[in-house]
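Here come two complexes built around subunit A, the first alongside subunit B, the second alongside subunit C.
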Partner chain A sequence: MKFYIKKERLIKSVQDALKAVAVRTTIPILVGIKFDADDRGVTVTGSDSDITIQSFIPKEEDGEELVEIVEPGSIVLQARFFSEVIKKLPELIVEITVEDQFKTIVRSGNAEYIILGLDAEEYPRLPIIEDGDHFSIPNDLLKSIIKQTVFAVSTSETRPILTGVHWMIEDSQLTAVATDSHRLAMKQATLQSEERNGKSHSIVIPGKSLNELLKVLDESNEPIQMTITNNQILFRAKNLLFFSRLLEGKYPDTSKLIPTDSKTIVKLNAKEYLEAVDRASLLAREGKTNVIKFTTMDDDMIEISSYSPEIGKVVENVKSISTEGEEIKISFNAKYMIDALRAIDGTEISIYFTGTMRPFIIRTDYDDSILQLLLPVRTF
Partner chain B sequence: MKFYIKKERLIKSVQDALKAVAVRTTIPILVGIKFDADDRGVTVTGSDSDITIQSFIPKEEDGEELVEIVEPGSIVLQARFFSEVIKKLPELIVEITVEDQFKTIVRSGNAEYIILGLDAEEYPRLPIIEDGDHFSIPNDLLKSIIKQTVFAVSTSETRPILTGVHWMIEDSQLTAVATDSHRLAMKQATLQSEERNGKSHSIVIPGKSLNELLKVLDESNEPIQMTITNNQILFRAKNLLFFSRLLEGKYPDTSKLIPTDSKTIVKLNAKEYLEAVDRASLLAREGKTNVIKFTTMDDDMIEISSYSPEIGKVVENVKSISTEGEEIKISFNAKYMIDALRAIDGTEISIYFTGTMRPFIIRTDYDDSILQLLLPVRTF
Partner chain C sequence: MKDSLEQLEIIQPLVMKRLKQALIKKRVSHAYLFEGLKGTGKKDVAKFFAKSLFCEQVIDGYKPCNQCIQCQRIESGNHPDVHVIEPDGASIKKDQILYLQQEFSKKGMESNHKFYMIVDADKMTGKAANSLLKFLEEPNAQTTAVLITERVQKILPTIYSRCQHVPFSPLPKKKLEQQLIEKGIKKEKAPLFAKLTNNIDEALSISEDDWFLQAEKIVLKLYEILSKQKLEDSLIYLHTTWNPHFKTREQLEKGLDLLLFIYEDLMFVQIGYEKELTYPDSLQLWRQGALQISKDLLLKKISFILEAKRRLQSNVNGTLLMEQLLINLQEGFTFV
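Presenting the complex of A and B:
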């Protein structure tokens, strides 16, 4: 194998592939990144066997030559070390040559590295994604769906299924739900189905995969193609493939958790309210409970407070835009509230309470595709 | 105690004082920061008993009112928590009131924190610095002296005296030396002595203190006043006092370590050479030895290389500006070389060798106040 390649493109592709490479792995070759050079260009693959990321560098793009293939072939190189090496190379072009015994020569200007590579034949095959169902989704919308739900997955392995985000697709309507059983985040969106076979899907994508996917999706507005099979999902962007294993098992039915009526509705300026909660959370966190209190007062005022016998107390009054219905006095986890408010990202939010002991929901008038639910903490 | 204060100034002073506050301490009150409000302004003090930092906020500066003292007094507040609290406050002005039992009310806009404070009477007294010798030094020069030496102190407590930088002052001439016994950094400078009593000083300032001092020195060009006593040094900048304990014990005589003759002199472009060493160091680090080789070749070329049986090899040829004297083939620690080159910070450097087994020195023609010495590693 021998090729010349534009350094910046190689760095970008290696960084993308590197996001799938685990620091520790039980399959030794997976500490490596695989390079395949053929007559189309160079493909860079990283995997931890749950996630596989493949970044492609075409021979030419927009009339600019990116790769010159002298001899096709494949090699696996130690991922982290190689990614450091190429970042430090002196010239704009890198020459990569594989000799006997997988000995790989990386040359740029006067600098020459001889790196002991590994046999690409030993590298696991990609998942086979052929007969899955295809959907298409704008890049921005996919990012929103992920950001507005993934933070709510469980970080505990007690119920592994809750470490993923549940995607239900029916007639191209996607409902994404994540819950750690203390809070729930839901987002709805419309996909473009390429094959309207009317089939519905219920899959659970690991939260970790979605977080990594966020990092490799670029700023472009090209739609992302998705293919769903039994145990894999593939996201396909320009020059990028992102495979993730799906979680096995049945996701709990969350629809009944969401209250449909409410006894108190408080509408708030989102920024003012978030800042007040954030200030109260400082003390709540320091006091280890992480609990803050929300109390409706006279004149549409809301009192946000937190108390810790060792540290002290914080109280702040926030004027609501409107407060309707019964008085309420409720406690909740400060961090979960902050996460929910950041996910909604509107200028005004409404909180719908049905009682001190009941879950409550947060929505915004501007965007009914998103819903956040919190369970109260019992302190009263 | 009660005062109103500009939030930004309070944040800055607390951040400075916080740099002296240890995360863990055997003296419980030192997790706090002390505030003293008197008719001149507010003094903010943090200490870990080795380092004490005191930042002063005057009532007025450049015609702008910074503090309004309603009632003088003192209080100690938990340092890290308080510094988080004030950063999040909503308004530009903060009101701080101490009530009974050291209960402290921090108010800004609608937000109110009640923080349980500690008795300022329990806080240790500042070191007494009265009869020391005084010197003055430009801010920039003080920073250079620190940056060009402190990285070479020992990080091991085997010989505690080597964890400090040795300052020798004679007739206002300062020589600063740091060594961890594998390398040595030396910087010379001229101080302004305010009291020319002809006394010479030989003190050892903890490396940690100098690193913290670097962080609190601002960009201004006002000279720094220094006062040296038996066991303390005080740096005095505008509105800032920085006290450090001195290390006890006798610093080794390092003057005999520095070779005075040389058999090979190699002059190099500093940037080109640093980049080549940096590239070789990648492999040296990955191979765990951290050793790279330096070999003079024909035509004034220098070969920089590193080899690891598990990882591979790196070779790079750098053209020297000139190579005089005997051929040389020498190995050294890559990180130490990089540290030394970064400290010198010139466009051209010269390396003076006296043999494969002998220490060698690095200097620049542009600035003879700085010298870096490295011991070779025996690999040949």
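Presenting the complex of A and C:
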């Protein structure tokens, strides 16, 4: 294998791939980054077996030559070391040559490194993606789907399936649900499917992978292509591929959890309400439970209070835009409420209660694709 | 792989037959417990098993080809769906099992099949063993576990009962000795090496190890000092010669083994089994020693050494352990 490449592009691609490389790994080959040179360009791959990031450097871009392939081939090079090396190279062009026994020569100007590589055959195989069965989704929509759900995944490993976000795709309609069994976040979106074969998918993507994906996605507004295979899901941006393994098992049926009727509807100014909850949670946080109390009063007023025997008490009244239905007194976890309100991100929100001991939902009138559900806390 | 498939079939005919049948009939169980003495080829068999499950061109329904990329990656430990857990230091920690659990909550990286192997499964801490239990109990589809142990009695009964047991029979001692002598090991030394391991290659490498030869001399000398019944001398010897040589826990364990064999030999001489000796060249010395000690006392001393070996597995100070042992051996009654 031998090719010449623009240093700047190589650094960027290696940086991207490096995001997937774990510091500690049980599979020795994964400390490396894989380089594949073929007649289209150079592919740089990094993986920690959960996620895999592939960055592609085409031969030419906008009429500018980026890579010159002399001889195609593959090699795996120690990731951290190699990324340090290329950053410090003197010239703008880097020459990479692989000789016998995976001996790799990195040359730039007068500097020459000889790096011992690893056999690329040993590197994990990525699923082969067939063309056709994919969906596409605008970059910013994908980001908001992730942001509005992923915070609600469970962090405990007792039920591993809950550490992921459940994506259901039916007729190009995506429903993403995350829950840790105390709260639930749901978001719906429409995807563009190039081939409408009516296949429905039900997959669970690890929350960690989605958080990583958020970091990798850039600001551009190009649509992201999504392909689902048996074991992995692939997100494809321009010149960047992100693979994530899926979680094993069946996600619990969440559709029955969401109440359809409501006895009390409270409409609030999101910002005022969030601030009030935040203030009350200061005190609630000190007590171990982080519980605050929500009470409807006369004249559309809402009382938000928290009481901690050791520290003290906080009471704040918030004026609601409208209050309909029965009076209600309910307690819930302040942190979960703050998370939910931040995820909704609207100026006005409505809370639908069905009783003190029943879960309640938070939505906004402006965007019916998002729904947040919270379980109340029993207090005495 | 150290041993080829054919060799494994000679060493462990029953085990190989069983696994072969399971593979051919596609009735691979979800968890196996490989139990047997050191050097009986447990790890090699487990590797063979993994390869057979993943190999792309299995020969005759069970033989891995050893050529394809799957086989090669299992051999080098780079297969993403094959996980090997080995003790991290003295024990297998809970984190390691947690890693396995996380790994198994996800779908396979390449295939739907997953394989994990826990080496020295008896060294799992209580917490680790209990967290393992959970997913031994509820295996996902197409997961195969192999637990490997030398001390099956230390495996939690709850784990034991959830695995299929595959006992590895040790190579007959005399046969191994014979083979060692053929390989050029002195006749007087062969019994000792045969006793330390069941694997010919390992025995040969021990026989060339300077550290070990030195250790053997030190242990024999210690016995001589002990038999003179002077506690001070033996304690001084412990500090001047023994401690600098037996530095790590593994080394200390080997030293205790060697010491144990001496007392075993004394026992053999007393009951007239002089052919079984581990150190046949010290026969005269043992005859002398055997006359000076009663059978009860000898048994007691052996149990002291066994007790010391057991304690070595927990967090003890090596020097204190040895001091205590020497005092016990000297006096013949329990100290502390």
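What we mean here is this: the second predicted complex is superposed on the first by the 295 of 380 C-alpha atoms of A that agree within 3 Å, B and C clash if a C-alpha of one lies under 4 Å from a C-alpha of the other, contacts with A are read in each partner's own complex, and residues count from 1 in each chain.
Operating definition for what follows: a contact is a pair of C-beta atoms (placed from the backbone, for glycine too) under 8 Å apart; a residue touches a chain by one contact, two chains touch by 3 or more.
Note that the coordinates shown come from a computational prediction; the quantities given were computed from them, not determined experimentally.
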Between subunit B and subunit C, more extensive residue contact with subunit A: B
Looking at the overlay, does A:310 come into contact with subunit B only (first), subunit C only (second), both, or neither? first
Contacts of A:61 with subunit B and subunit C, given as first, second, both or neither: neither
After superposition on the shared chain, which partner residues are touched by A:206: those of subunit B (first), subunit C (second), both, or neither? second
Quick one: classify A:282 as touching subunit B (first), subunit C (second), both or neither. first
Which partner does A:157 reach: the first (subunit B), the second (subunit C), both, or neither? second
Going by the contact rule at the top, pick out the subunit C residues touching subunit A in the complex. 69, 72-73, 76-80, 83-84, 98-99, 101-102, 104-112, 140
Contact residues on subunit A for subunit C in the complex? 26-29, 49-50, 121-125, 127, 157, 160-161, 163, 206, 230-232, 245-249
Residues of subunit B touching subunit A in their complex? 78, 81, 84-85, 88-90, 103-104, 110-116, 275-276, 278-279, 282-283, 286, 310-318
